[in-house]
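Pasting the structures here.
Look at the two complexes coming up: chain A is in both, with chain B in one and chain C in the other.
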Partner chain A sequence: MKRIATAAGLITLVAALASAPFFLDAYGLGLMMGLAGYVTLATAWALFSGPTGYVSLATVAFVGIGAYCVAALSEVLPYPLVLLIAAGIGLAVALVVGLSTLRLSGVYFVIFTFGLAELIRQLVTFYEINVTGTLGRYIFLGITPEQIYWQLLALGIVTMLLRWWIGRSRIGLALKVIGDDEVVASHVGIDIARTKLALFAISATIMTLVGAIQAPRWTYVEPAIVFNPTVSFLTLIMALLGGATRLWGPLLGAVPLFLLFEWLSANFPNHYSILLGLLFILIVFALPKGVLSFIEQMWGKAHRTDDSGARS
Partner chain B sequence: MTNTSRRRALKTLSLSAILLCTTAGFSAIAQERTSVKIGYVVSKTGPNAGGAGITTIPNYVLWAKEVKDAGGLELPGGKRLPIEVIEYDDRSSAEEVVRATERLATQDKVDFILAPWGTGFNLAVAPLFDRFGYPQLAVSAVTDKAPQFVKRWKKSFWMLGGGHDYTEALAGVLTKAKAAGTINGKIAMISVADGFGIDLVTAARPSFKKAGLDVTYDVTYPAGTTDFTPMINEAAKGGADTFVAFSYPPETFAITQQAQVAKFNPKVMYLGVGTGFPVYGKNNGPNAEGIMSLGGIDPKNEANAAYRKRHEDVTGKAPDLWGSVITYASLQMLQEAIKRKGIDREAVSNELSTGSFKTVLGDTKMEDNQLRTLWFGGQWQNGQFVAIAPVDRPGATKPVLPKPAWQAK
Partner chain C sequence: MFVTTLIAGLVLGGTYALVAMGLTLQYGISRIMNLAYGETIIAASFLAYALSSSFNINPLISLVLAAPLGFVFSYLIYGLMLRPLVARSKTAMALEIDSILATFGLLFVIQGVMLLMFGGNYISYSYMNFGVDIFGASVAANRLLALVLALALGGGLYLLLTRTLWGTALRAVAVAPSSAPLVGIDANRAVRLAFALGGALAACGGVVISMYQTFTATTGVVFTMKALIVVIMGGVGNLLGALSAGLILGLVETFVATYVSPGLTLAAVYLIFLGILLWRPSGLFGKARR
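Entry: the complex of A and B
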């Protein structure tokens, strides 16, 4: 019974989200688009980094690849095919990168992934200078903001479902063991490299698609625009704030943070960075384990006080 | 118990205060128009802040102050309304400039939006300006594709020309000098591997070829390069007596210094962005003499000289000698179009497109929604960065060639 109720609730929620463009103005829709993008990115990030504990800063490398695929191919191929190719390229890059680096761990992996974004950006720049002779590319697709939003929403839902499914499958269990102790994992017969690689590749493909879907919104792309490292940092902070190991964690981190950024930049455009820095410090002090576990803690406390009858 | 009720009282009080504020806000909106809202999104922080802080922001600030001092924007019939300026920082992010522009259009409901800084950002917001019906006076966007953009976005205006215009103008100067026997027509060329450098060098190659000029050395370098000695030495070896660098400001300053150290004295020296900054002339003193770049001003234009003085008085620094004056002129055009047509964006766009205006540039008129009467090349002469190209435009100063040799400090 409870399960049916949950499912019904979720379906209503999705329907409400999908019908949002009919009620919102352009700005509201822009917000929803940004939200859908970051929720998807954070969830995809947590898909790999949550259970394994590998902190990746390569998010924008894949987002940028997606955007560039659309910029390069949208004039010659139909849009759905462009998305497929973008996903394929993202997957291929993730496999190559994953194979060569997932043996790295800890801070080495963080540094490598950060470098990866820069490397791909420089490669694109090199190619554009020496082969095409122009740095900027134009995207003139007749895709409306509504369509971008719906695509992002669908991708976000797929990502959440994927994460939910992985969490209950064998591979999810294997990942948990790897995250706890790699030595133990290899002793119980888990193929560590393959498991990590599979997750990394799925997560990277989703990120590539986010970039590809969002690209038509910018009209013009150049490496400095699409390989903006801030995206990697924001994704990471959002996932960590919510709780990267929980299914709903990245969402609960991304939504309030994104709205907070928006509120700050609308109301304090000149003090944005200072306020943001202060807030991060506060968050780290107040919610070191993420929003979800904080809520659970408070919930637990409230129930205990309930029992003793000391409610005021 | 008392504690609880006090808390509750406080809560109620604050809630009613908030409600009061919001309703006060609403009633203000419902009244008759008392002001004109002008909004803009510009890079106040991040990598683009340097350029925006020179060409765009000071001019927006100057203009807003002048309108305020004049008692507001004049409307048809002579009535004046004060302006209310709303500005956002896009933090040099394309996503942010798009969203903040949407915010200006649909939340703040501003009457006019001023353009952001940079080619990429102007293109990112162009579909939005078009959809919401705002005229877009894009100044700091150098693009050869303006004629196509105008067809796509009818209310967009492109005011700084394209890379091709600048290289054609340079080729014009060089061809003349070659015909006079001043230079040998061989060019050594370096360019920064980033938007500006690539666009310019891609346009320069055919321009030079068409003019019968011979490029002996042509390399790109990554943005942020600090040591140009190897490139300068290579350039000197090929027998070229014209040196062209499509560079960004830090590199422009570095090349100027390192060419002096290397005693590299080409007859023509053309450098990129930064040459037109007043500080370039100030820092290099007599060694700036004869150096060419993009932009330039007509020293005999009194309106421009007066503008430069006002700019310095209000913002504390002199405007650059390329894009700043165009930014200011674009605002004058907007102001005048509003004076003629009122706060009707459709009519104002039409007026901008077809009307002619008196600005600090002189008589100004758009051609196919583009500003075409521009100075594409300038040269430092007697402490001023004067316009020398297009060579056939009235008001152009004759270039001083060859460039005087470096003076020892």
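Entry: the complex of A and C
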């Protein structure tokens, strides 16, 4: 009974979100698009980093790859094919990064992903200057903001379903063991490197798709714009605030933080990154496991005191 | 051409070695992966720039000022921000994640302050900008001075760590953090001093860099990354390893920039990094650890 109610509630929620463009003005729709994008990014980030504890700082590298694929290919190839190619390139980069770092201790992965966006930005800049001769590109696609929003929403829902499914499957269980203790994991016969690699590849492909789908919104694309490190930073902080190990954590972190960032960038454009950094440090200190855990802890405490009160 | 490139490479490599030594102290002894390290470097560059352009103060004097400032700043950061995380974390991995996240936040704070104060433009100032003749090649005097300073500071640190009781204590904490207290070493204090010393080196590196390079408020990230790569190449905690890895990286970068294309330097650095990860993850000179 409870299950049916939950399913019905979720379907209503999805229907409401899908019909949002019919009620919103252009600004509202833009807000919803950004929100859908960041919720998907944060959920995809948590898909890999939540259970394994590997901190990926490469989100924007994949987002940028996706956006640049659309910018470079959308004039010669049909749109669905471009998305497919973008996903393929994102997957290939993720496999290279994963294969070379995920067998080692987590720090190597962090360092590698830390510079990855900068590396790809320089490579794209080099290619554009020396081969094509121009730095920026324009994207002219007949894709309306509504369509972008629906695509992002669909991708976000797929990502959530994927996380839910992984959490219940064997691979999810394996990931939990890896996150808790790698030695134990290897002793019970889990192929650690392959499990981590698979998850990282899936997460990176989704991030690439987010970038590719959002690209038509920007119209003008340039390496410095699409490889903006703030995106990696925001994704990370959103997933952390909500709780990266929880299914609904990234979503709950992304919604309030995205709105807050919108407000901050509108009102304090010069102090934006200082405030972001301070907020980030605050979250690491005050809510190391995320808001969801914190609420549950408080809830649990309150209940326990209630119980003891009733017993005595 | 070749000699000029070689010297330019040595200068750059010497600077990398210098900043990487600071990072290897912070990561090897204090076990803090400091992602805001490059921002400390650039902050010192801005200090040297501001003093030089506003008050016409010689960068060598800025160097003497920057080192203790970097020391105090890092000492405070460790005490206020990182020490609670160290106390809280139960495992080395938890500390690693927490310190990465906290210093990632710090990166944005320092960068934001610098953007606010100096803007996002490319910055440079002119200091000792005349040529010196070496083996028939003309080399800018500021570069030579940078190389000498990098070698002197790096060598001084090496002697400090290997020849004094104090340095030996630091190295003991690096090798066996849990056993060091047994022989009467205050591990907490050693760790904090190592972190602060790393910050002082970063500040020195920043002033040296500002003498011959242009920089922006956002270049810190690149320096952090290169310093990290040098640290891994040389083996974590290994000072001589950091020195030689830094020189190699600087030479490779300069030669790629001169003979291939300046746009591919980072790609070359990453290629080396990839090779190291695949074949010698414990560093060129490191023994297999753990």
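Here is the rule we use: the second predicted complex is superposed on the first by the 274 of 312 C-alpha atoms of A that agree within 3 Å, B and C clash if a C-alpha of one lies under 4 Å from a C-alpha of the other, contacts with A are read in each partner's own complex, and residues count from 1 in each chain.
Methods note: contacts are C-beta pairs under 8 Å (C-beta built on N, C-alpha and C of every residue); 3 or more make two chains touch, one makes a residue touch a chain.
Model, not experiment: these values are computed from the prediction.
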Practice item. Report for A:P78: first if it touches chain B alone, second if chain C alone, otherwise both or neither. Key: neither
Point to revise | Which of chain B and chain C A:I274 touches, first, second, both or neither | key: second
Practice item. Determine, under the contact definition given at the top, whether A:G88 touches first (chain B), second (chain C), both, or neither. Key: neither
Check your understanding: Does chain B (first) or chain C (second) touch A:L123, or do both, or does neither?
Key -> second
Review point. Touch check for A:G133: first (chain B), second (chain C), both, or neither?
Key: first
**Study point:** Touched partner set for A:G9, first chain B, second chain C, both or neither
**Key:** neither
Practice item. Using the touch definition from the top, say if A:G300 reaches chain B (first), chain C (second), both or neither. Key: neither
**Study point:** Residues of chain A at both interfaces, chain B in one complex, chain C in the other
**Key:** 125-126, 129, 270, 272-273
**Study point:** Complex interface listing, chain C residues touching chain A
**Key:** 33, 35, 81, 84-85, 88, 93, 96-98, 100-102, 104-113, 115-116, 221-222, 224-225, 228-229, 232, 261, 263-267, 270, 273-274, 277-278, 281
**Study point:** chain B contact footprint on chain A (complex, rising order)
**Key:** 25-28, 30-31, 34, 125-126, 128-129, 133-136, 138, 140, 214, 217-222, 224-226, 228, 230, 262, 265-266, 269-270, 272-273, 312
Point to revise | Residues of chain A defined as touching chain C within the complex | key: 53, 55, 57, 100-101, 104, 106-108, 110-112, 114-115, 118-119, 122-123, 125-126, 129-130, 229, 233, 236, 240, 270-281, 284-285, 288
Point to revise | Touch list for chain B against partner chain A, complex | key: 4, 44-45, 47, 87-89, 91, 93-96, 98-100, 102-103, 105-107, 119-120, 123-124, 126-128, 131-132, 145, 152, 193-195, 198-199, 202, 220
